[in-house]
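Naming follows writing order (A, B, C and D), and every chain is counted from residue 1.
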Amino acid sequence: MSHTIAGKKKLLSRVRRIKGQSIALETALEGEPNCMAILQQVAAIKGAVNGLMKEVLEDHLREHLGAENLSNEQRLTEVEDVISILKSYLK
Amino acid sequence: MSHTIAGKKKLLSRVRRIKGQSIALETALEGEPNCMAILQQVAAIKGAVNGLMKEVLEDHLREHLGAENLSNEQRLTEVEDVISILKSYLK
Amino acid sequence: MSHTIAGKKKLLSRVRRIKGQSIALETALEGEPNCMAILQQVAAIKGAVNGLMKEVLEDHLREHLGAENLSNEQRLTEVEDVISILKSYLK
Amino acid sequence: MSHTIAGKKKLLSRVRRIKGQSIALETALEGEPNCMAILQQVAAIKGAVNGLMKEVLEDHLREHLGAENLSNEQRLTEVEDVISILKSYLK
């Protein structure tokens, strides 16, 4: 993941937002939920998770595949790791 | 949302799973995160949010658009509500 | 599908655009393809298919679930049909 | 794109399948289309485009980011190219 302090803080704030959104959704569902409001909250969580996914992947590509001083073997391993992750992200 | 007790319980357990996953991800990011593990945790959250989205929508369609005794006007309003939600879900 | 002439024309023009894009991509691949150009053409096809999917679904919801004069049984069948389609669209 | 003959053939056969599917959909829409059949054909095209997108990206990552003998500057350019493509693929 983001190997810099600033990068890590940005990811953490995205993850905390998703946690906050799921707590708010839990509270809404425990009460007398308004259907459209629930559907919109779920859409907002989906958007937040997509945003996290893109940022985490972008950091990873920069730091791992952009890295200098990797052996060819290490680089090929990194490429295969990214491909396996992308297969689940692009479902 | 799910208007039955059983349906609401199922949604709640999905939302709590997402909350748990985001707390686990937060903890991992605060420590010394392993990159591939983080990428896989984000993929798992994405899968869980997609599952929630489908279930919430399925419940909504059954209970709102399958409802008897709606006036034509009410039904058209329900249809437009679903269309507006689908536009954000299908992004 | 769109039961109006105007609606059908709009869908047809979307489908023909996708056909045109796939023919252009085929031609590019048969020549000496530039990688980034190919990746962008595939992204454009994906966008066009998503647009078609949303429009086809929107038409369907309006015409089938918004329809007056359905028996309750017919309406429930329509709802289940939409749910089964949404499951594949929301993958 | 796939720099090998075998890889290019695989991509071409995927693209031709999408072309064939869009021609079939065009024909169906020009006649007396059955709604559910159309919705399913669109879902099939979406699946085929996703498959193409994954394969094209996988080839690209292997051949460009896995390449030996790139200067650091070239590698960073390749990484930024992939990131810009992923942003549109992960929408």
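Here is the rule we go by: a contact is a pair of C-beta atoms (placed from the backbone, for glycine too) under 8 Å apart; a residue touches a chain by one contact, two chains touch by 3 or more.
In UniProt terms, the chains line up like this: A, B, C, D = Metal/formaldehyde-sensitive transcriptional repressor.
Keep in mind it's a predicted model, so treat the numbers as computed, not measured.
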Copies chain A and chain D - rotation angle from C-alpha fit, nearest 5 degrees: 180
Centroid distance [mean C-alpha coordinates] between chain D and chain A, Å: 23
Inter-chain centre distance, chain B versus chain D - centres from mean C-alpha coordinates, in Å: 28
Whole-Å gap between the CA centroids of chain A and chain B: 17
Touching two or more other chains - residue numbers and ranges from chain B: 50, 53, 57, 89, 91
Contact graph of the chains (line, ring, star, complete, other): ring
Partner chain D, residues of chain A touching it in the complex: 50, 53-54, 57-58, 61-62, 65-66, 68, 72, 75-76, 78-79, 82-83, 86-87, 89-91
Parts of chain D lying in touch with chain C, wherever the complex brings them together: 1, 8, 11-12, 15-16, 18-19, 22-23, 25-26, 29-30, 33, 35-36, 38-40, 42-43, 45-47, 49-50, 52-53, 56-57, 60, 63-64, 81, 85, 88-89, 91
